[in-house]
Structure formats: structure tokens, C-alpha cells
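Input: a single structure, listed below in C-alpha cells.
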Amino acid sequence: MAIVLGANQYGKAEIRLLHISRDDGSHVITDLNVTVTLSGDLAATHLTGDNAAVLTTDAQKNTVFAFAKEHGVDQIEDFALRLARHFVDSQAAIWFARVAVEQYPWERLGDHTFCRSGREVRTAMASYDGRESWMVSGLRDLTLLNSAGSEFWGFARDRYTTLAETTDRILATAVNARWRHAGPLPPEPGSQRAVEGGPGWADSYRSARDMLLAAFADTHSYSLQQTLFAMGQRVLEGRPEIAEIRLSLPNKHHFEVDMSPFGLENAGEVFYAADRPYGLIEGTVTRDGAPPPGKAW
Amino acid sequence: MAIVLGANQYGKAEIRLLHISRDDGSHVITDLNVTVTLSGDLAATHLTGDNAAVLTTDAQKNTVFAFAKEHGVDQIEDFALRLARHFVDSQAAIWFARVAVEQYPWERLGDHTFCRSGREVRTAMASYDGRESWMVSGLRDLTLLNSAGSEFWGFARDRYTTLAETTDRILATAVNARWRHAGPLPPEPGSQRAVEGGPGWADSYRSARDMLLAAFADTHSYSLQQTLFAMGQRVLEGRPEIAEIRLSLPNKHHFEVDMSPFGLENAGEVFYAADRPYGLIEGTVTRDGAPPPGKAW
Amino acid sequence: MAIVLGANQYGKAEIRLLHISRDDGSHVITDLNVTVTLSGDLAATHLTGDNAAVLTTDAQKNTVFAFAKEHGVDQIEDFALRLARHFVDSQAAIWFARVAVEQYPWERLGDHTFCRSGREVRTAMASYDGRESWMVSGLRDLTLLNSAGSEFWGFARDRYTTLAETTDRILATAVNARWRHAGPLPPEPGSQRAVEGGPGWADSYRSARDMLLAAFADTHSYSLQQTLFAMGQRVLEGRPEIAEIRLSLPNKHHFEVDMSPFGLENAGEVFYAADRPYGLIEGTVTRDGAPPPGKAW
Amino acid sequence: MAIVLGANQYGKAEIRLLHISRDDGSHVITDLNVTVTLSGDLAATHLTGDNAAVLTTDAQKNTVFAFAKEHGVDQIEDFALRLARHFVDSQAAIWFARVAVEQYPWERLGDHTFCRSGREVRTAMASYDGRESWMVSGLRDLTLLNSAGSEFWGFARDRYTTLAETTDRILATAVNARWRHAGPLPPEPGSQRAVEGGPGWADSYRSARDMLLAAFADTHSYSLQQTLFAMGQRVLEGRPEIAEIRLSLPNKHHFEVDMSPFGLENAGEVFYAADRPYGLIEGTVTRDGAPPPGKAW
């Protein structure tokens, strides 16, 4: 049986770019980590080392920097989509491009002074196949904790089950969420629209993020799965431009310390924050009848 | 349009287990990181917080430890498969289980003394749906470097291409490889066979690993893609029990330092080892007519 | 010549503790990483394995949890000092204790809901030798950036100097600062005073932190060294209870991307954020005539 | 009271350098991480931003690369010392230089092919004040485990002590060791001598490392402190050129999993490898009457 090349892709990962907009007296900074991934007619470089179809990953890096200069950055969705379209439209051998962007948040301290906020990282992932575009927005590392309103009981029991039921536990997680915009995306990048006729990327992001926070805060939880679904549902109910959301929620365990050996009673006051292992709860919440995802993910 | 639950899964991640076999005078240690992922009839916990179908992630952790006691560990493929089968076969609500194991290598210094080798981590991922099983073996973080025998030229050029062609560059990567066994897997875990009638897991792993090293070493490379294909091809040619291999190869750039400002000529002697960005080359090599992957990945 | 035991210490590192104060309707959470280090009459355990003088690191961990229950946490300086005094005063063999605490900041989203801020980590390090106490407060990972008001020129030049002078560069750093309180510390832990008759720990911290930010923002900088001194000076001028401050400032390089190969001019808009190598500027600013540091560091 | 500048230093950290020696058919690679730290007459740059005395950290980086070209690297002690002497001897304002080098080990797979070993990192730290030189060699991240021959009992007990005594535990650590050469160092770098008339750096390192391994392996341990002293003693007894050794040994806890709830007996077979907290045992072993350390550390 012949040995053949299967699916393949290549690109430049983790291009760290800082853009400063100096248009007015007060600077605006945008701090990004950009990863480009391309696929297409690339059998030759794999099979014979003929690189005629290979746009170098060095050129991809240069393009990211040059586009920041030529077009600015502004919303990362627009920036990612502009790059994805460029690579496919300008390179005959490239049939599909995906550009993933992470944006690190900074707070303004002055006209030219900024403090990096370690809060959530905003993300965007644009995909383009020469005809259609897809957009996934999201965030990661949004660490949340409820010190009340979380129970966990009534679960299955087998020979290896020793966990005690509880009606009052700490629920903590680091939210990793990505949501797919229902499209159609605006025909031109830079239009600042999440979907045609819809809100802007910035509004869409901020609102989705706030809904995730609010749903985590006000859901009385019987399982992290229930909280996950509530978070996804909240976003889909509130943001019609979003078709689907995928959540990955580590259960950051906080174990109540047993103080009975010291003659003390720990009434939910002192906890050990564990590193590993951790529960990992992952799920998709989607809108019935939403347009299919195509190559969005 | 209704908002509905889509694909979901849960489990315990990164269970750090050390197993000591004391069967004879000389101990054998096995150092693992185990991640369990389950899916099935889990709508209730998401929608209402009814956890009757939820085998707790704490019990999953306990099971991993208990199975190490009851059955030993030995080859990680067997250990992973035994666990995957257990969760599906013993829990009515669980339809699919995946158990991923990382094994950290240790070198023996004495009967009871060991030194951790930081070389590659061996991996295995067993999947089971109640009827069929799939096995993916692999390794990660095998860092290799060729200081000769690597060229890169003849690539596409566009407005943003500035990279110089070279007929002598450093080629370095950290191999991340996973390969799918063609099956059928042996009906019982613990049989120590990679596939029915085939070699053992240990032999299969060691041989595949050695072939990756050999192909990296003796391929005169015109692109990292070419080296990737050669590595995959070597494994498939040599190991009939393997149907498909997926490689993810970061291009760990080493840039020759320009010493002309100091009046020195750098004849390929001094390089700057860059962190980011890095090229990332990913591809699959497969056997034409191999059995379909099913739920292996 | 005889081989002898020199300086030695031991303890439990990185005890991760979450404390919840439930005194009123609105919870208060305190998220800590505590490291205990003890030294004293410990030759026997080193030389013969006689552990009679060894308070186990496990007991040290238990003590940290128990003290959080018995005394609460509140200001980390008080918590650290109470623990340090306990270990020396209760163990005859222990002559010196140091307790270092890191506090991770959380923002309140609701009565029982919190979001972890990734901003700076607050630190405290209490030392006690059975008679005297010393306190060092501080912060780390406060990442700051000035996009204007930073120059670097007029530096020494040697054969290996190629750096261009600049009158407009980005200045970015991650502030790591520790400052010593001049004492005398209050005789009893829990008094909430930074020094006797002085402000509280919380006020002292908040004010010192704000002064670091302000000095970074409003110093027109000719070198990161100059900014370092200005930051330290600002704190010492404003906080009489602080005798000395030590700053460690990595120079997080942002290199302007050369776009001339693409026919573009980069007017300070697009920068590459480098990982390694980085400049590292470290210095102490002190008050002339301040009390000696003793065993504070 | 005046506010004054205290101790200060600056330099370039983490210069990642790969050197290839192509002298004969078989290449030799040396993979380093170099950190330069300088101090001297640097008040002006702190107080006024006058940089006339500042050798830029960029030039320091260039010097590291250029010296690798001009002199080769070979033993990291020689390389570090040559650099330290250069900075002080060539810059009037620089009175003290310290150059710290980490060397990542690679195994040879062929004439031009190498595989990175993740075993211990070799380290060297050279210090020079214009008259005298000091050398500290060492290693870090040498992870060792004894599955027999370790006890821990007879320790102090207080109200918070709950740990059970044991006559059979796992002892695991990641050795971080640094040792000071007694000097006098050879007058010229590149002489390949650890001390005048003594062995070469390579032999000295290899032998010290082997002695650390051997002492860990064959010491029946009643405490990690005892093992620490035995390791240091072994090195000092065997290597007359070494005056002092400092060891930092995390106690990498492995807890035996309690399987009684599952009706199983765990006879020292299955352990949970914990991340945090961990014990941290640190100590110095020295030769009575050794020359004073001066500015070695």
C-alpha cells in the first residue's frame, strides 16, 4: 500500500506585535500575538523539497507587521480577516488561511502610559477559503470564583466514589470561551461589523463577555456543567449575531482543610487551592437551526 | 430559535501517578500524567443540574489510582485502554471514553535509584465507544538539531518576502508525533500486543521513535516539510501496525549573527536561538487504503 | 581539613491558601501563596539524621492553615509576622523564621462572586529572630509601558556597540519592587500598623504602589536606571515609614520594525515585542541615615 | 534625610547562543543561555540620565556573540571568565562583572545530528572585580528519586503536627547545586584549568556531578537534610579544588494513595505526585579553613 501525504498546514506562530496609534494626543496601544496557518497545494515541498509554492513563514510575519502599518489594527477580528483573505487571494497555491489573534488588555494610566491588565485575553480566529469567511471570537483565562450558591450532590456512585455530597462549595474556573458569528460576515474587512447589519465587533465582544460574567454570578449551580450551559445560553439569548459558543471550564478545586486534628472547626473559611488534577468540563451551546459551521473551527 | 446543548464531555485532567513495581529486588517505576474524558447521556446535568448520570471526576481519579494497584501499569497503551473500557462498560450513561497518558522517562542509576531523563515524553490515547477501541501512540518534546544537510531556497516571493535563500542552515525542531495503530486492537487489555498478532507496544514504540530519529538525521532537507514527510514515511514503511502518523514540528529558528559591524566573519559558527515567532509545520502521513480512523482522534 | 555544615534553612514552600471571611452578607476572599523558612539548631538532622529538632514542613503547612482559621488573614504583613513569631517562640531549636506571602488580587463582581485580576501580585516578607522583627512589603509583575517620553542616547561606545541613539523609544517593564519598613514594628501582630504610630499596612501598600505608577508615568526618561531611581525616590519621599526600596526592572524591549524593504515608513507605529534577551536593571534607593536592615532581606 | 542611590547593577539577561565548532568532520555544538551583570560608577545615569558610563546591554549581547566567534566557547567557566574580565578591563566605569552561563546538554546522534537531553543543566558563574576572579560551577534540575532507603521519624511534634512517621518513603528531589572553586583561578582564561595546577573544568564538573548522584543513591536517608549533607560532603572529599557547595533541594512529595475505601491495600505501589506545597531544604557544606568566598556569590 502506498504511503501518502494527508492533511497538512504550515505557518508562523506567535508573532508578537505592538501597534501604537498616534493619531491624536492620546496614544492607543494594541498588543497582539498573531498566528498564521496556511494550507493548499503544498505536496511538492513535502515530497521533493520543491518550495516554489511556499510563501515563507518569514514573509507571513512581515505581512502581519506591514498590514498593521498599512491598515492599522483596531478590532482584531477585522485584522485577522484582512490577513486571511490576503494570503489566499494573493497566493495561487494557498487555498485556505486561518489567522488567530490574541489581544492582551492594557489599562490607560495617562496619555502615553499604560498598565497591563492581567484579566482575560481577547481572541479572534478568522478563516477563509477563497469564497467564504468564518469568524470565531472569544476569550481565555477569565478566572472566576463563587464563594456561595454552588452545590454538588445526587451524583452517580460506584466502587471508587468517595466524594462527599455538598450543598455549599466553592466554584472556581478559568473561562475559555469561543463563539462563532452567524454571518454572513461583511464583504470587506475593516467595516467594523460583527455580521452584516449587526453590531460592531467591539460591542459584540464586550456584551458577550459581560453576559458570561453575569451568568456565572447569578446561576445557582448544581454542577459546573449547569453553569456552563447557563453561560452559553445567556450569550446566545442576548447576542443574535452569535450562532454557537464553545466553553472549556477547568474546575479549579478548592478543598476545605480538615482542622479537626487541631481541635478547630473550619466553617467554610480556609481552603487549599489545588493545582492538579483538576476537573475539565467542556461543552457547546448552539442555536437550533443555526447556519452550519463550515470551516470556522 | 431554541438554544440547545451541543457536543460535550468532561473528566479529570492531569492525574499525576507514580507506580512502583516491587516484584523483585530491583524496583521498576512508572511516572504518568493521566487525563480521562467521558461523554454520554449528560444533558440533565447541563440543563437542570441533575447529576444522577455523572460519575464524579473525583471517582475517575480514584479509579486511575486503583487500577494501577489492581492491574499494574506496564505499557501505557494497555493501561489507558483498560480504563477507557471500564468507564463505558460500567456506567450506563457513558457512551464514549478517552484516556490520554503521558509517561515521563527515568533512567536507572541503581536498584532503587532513578534519574529523570528530560528526553521525549511518551504518550498514548485510547478511545472506546462500547463496541470499538482505537489507539494512538506517540511522543512529544523530542528536540532535534541538524547542523548540516539542510537547505531552503526556491521559495515563492511576494512584496513582503525578504528572507535570503540558503544552502546551509541549522534545522532544529521539537518533535510532536502521534500515530494511529491500524487495529484491530486485541480484545483484552493487558495482552501487550500493539495489534492482534502484531508486536508489543514497547517494541512498536521504541522502533517508531528510532525511525523518527533516523529519518531526521539522514534526510538531506530542502524544507522542514520534506523532513516531516520523510519521518512519517519511515515509520509507516517500517511499522505495518501503524496506519497513520501526525507530526507537528515547530521550526526552532537559529539565526546566524551578523558580525560584520565588528569586523568579524561568522562562518556558520555563532547563532542566536530565537523564541518567538516560530514556524509551525504540521502534516499527516498515511497509508493508502488504511482503515478509517473512526473515533481515534 | 574537616568538612563542615554551613548556613542552612528549610521550610514549606508555596502553600496555596484561600480564606473566606463570611462575617457579613458580602464575602471577602484572600488568595495567598505562603512560604515558610526556618533556621536554627539543625546540625543533628544534617549530620546524623536525628530529627528531634525538626518541626516538619507538613506541620508548618498545617500551622498556616490553622492560623488563617484562628486569627483570620486580613493584611498579609500581619499574617506573615504572626506566623514567623510563632515558629521561633514555640520551637526551642528554631532561632530565625521568615515567612513570605504573595497575594493574588481579585475584583468583586457581586456579594459572593469574584474575578481574578491579573494585575500586580502584592508581597510581604516577615523575618523574626526571637528578639527583633523586620518587614519587607512589595509587589511584582506590575507591567507598565510608556509610549512617549523616553530617550536613550549619549551612552558609551566600544567595538561591539551598534545600537542607534534614540530620542523616542518605548519604555516597558514589569516592576518587581520590595520595600523595607523602618520600624520599629508594632509589638503585637494584628495591630494593622505598618510601623508604630504609623499608617496601616493597607494604606501604606496602596500609596507606595500608586507612587510607583505615578513616577513611572511622569518621569521623562533618559534611561531605565533614571526611571528606577525616580520611582524609588518618589516612594521614599512620600512614605516616611519606608526606609529602603529595591527595584528589579526588566527592560521589555520593543523593536521598531524596519519596513523599508516593503516600501513603507514605520513612524513609531509597529513594534516587535521581544522575549529574550532582555535588559535587567536593578537598584536600591535608600534614605540616608535609615536604620540598618538587620535581617530584613 | 536625603534619599540616595544604593547598590545597583545592570546587564543583559538570557542571551541564547548556539555555537558550532566545525573544526573537523564531526560538528560540536554548545547551547548556552548567558546573563551579564555589571556594576560600577553608574550614579549619573540613575540621577540625571547621563549615560556616558553606560555600556549598553545591546553591546553586552554583541560581545557575547563576538567572543564566541573570536575565542570559541569550550568550557563555560572559561567563556564566562573571559567575558567578565573583558567588561571590567575595557570599561573604566565598570568595577565588577558577573557572567552566568547555563549550558543545555545535547546527545550526539551523528556527525551533524543532535538530540537535546533534558537532563541537568550545567551552570557557571564567573565574577571579577579588576583584581581577583571567582568561579562557581554547578547544575540544576537533576531530578532524582530513591524508591527505597529513606525513612523519616523521630521529628518534633506540636499541636499542628499530624504527619505519620515512616521507615519507608519515596525520596525525590530536583538537585540545584553550586560549588565554589578554591582558587587561585588560572591567570588567563582559556587555560582549561579549574584551579592552578588542578584538573580541567570538564573533569571537575563531571566528577562532582557523579559524586552528587552516587551520594544520593547510596545514602540511607533519615531526612533530606542528611542526604543534602552527604551529597555535599562527598563532593568536597573527592574534589580538593572545590571549597564550598550550596545545595537547594525541593522535597518532591509522593503521597501513598489510601485505597482502603476501595477495599484495596496499597503496599507502597501507587503514589500521587504532588505539585505544591513542597518542602525546600537548603544548605551549605564547606571545607573548614577554606579561603573566604570574597565576591564569588
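Note that the chains are named A, B, C and D in the order they appear, and that numbering of residues resets to 1 at the start of each chain.
Basically, contacts are C-beta pairs under 8 Å (C-beta built on N, C-alpha and C of every residue); 3 or more make two chains touch, one makes a residue touch a chain.
In this text the structure is predicted, and so the values were computed from the model without any measurement.
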Chain located farthest away, centre of chain C as origin (C-alpha): B
Of B-C and B-D, pair with higher C-beta contact tally: B-D
Where chain B and chain C are represented by their mean Cα positions, the distance between them in whole Å: 40
Separation of mean Cα positions, chain B and chain A [Å, integer]: 24
Distance between the centres, which are taken as Cα means, of chain D and chain B, whole angstrom: 32
Sites on chain C at which at least two other chains make contact: 16, 62, 66, 160, 162, 261-262, 275-276
Chain contact graph, described as a line, ring, star, complete graph or other shape: complete
Sites on chain C touched by chain B in the complex: 159-160, 162, 261-263, 275-276
Touching residues (chain side chain B, partner chain D) in the complex: 16-22, 27, 29, 31, 62, 65-66, 68-70, 106, 109-119, 141-149, 170, 213, 216-218, 254, 257, 259, 261-262, 264, 266-275
Touch list for chain C against partner chain D, complex: 1-16, 35, 37, 42, 45-59, 61-63, 66, 90-91, 93, 151-158, 160-163, 221-223, 225-226, 228-229, 232-233, 236-237, 244, 250-251, 276-290
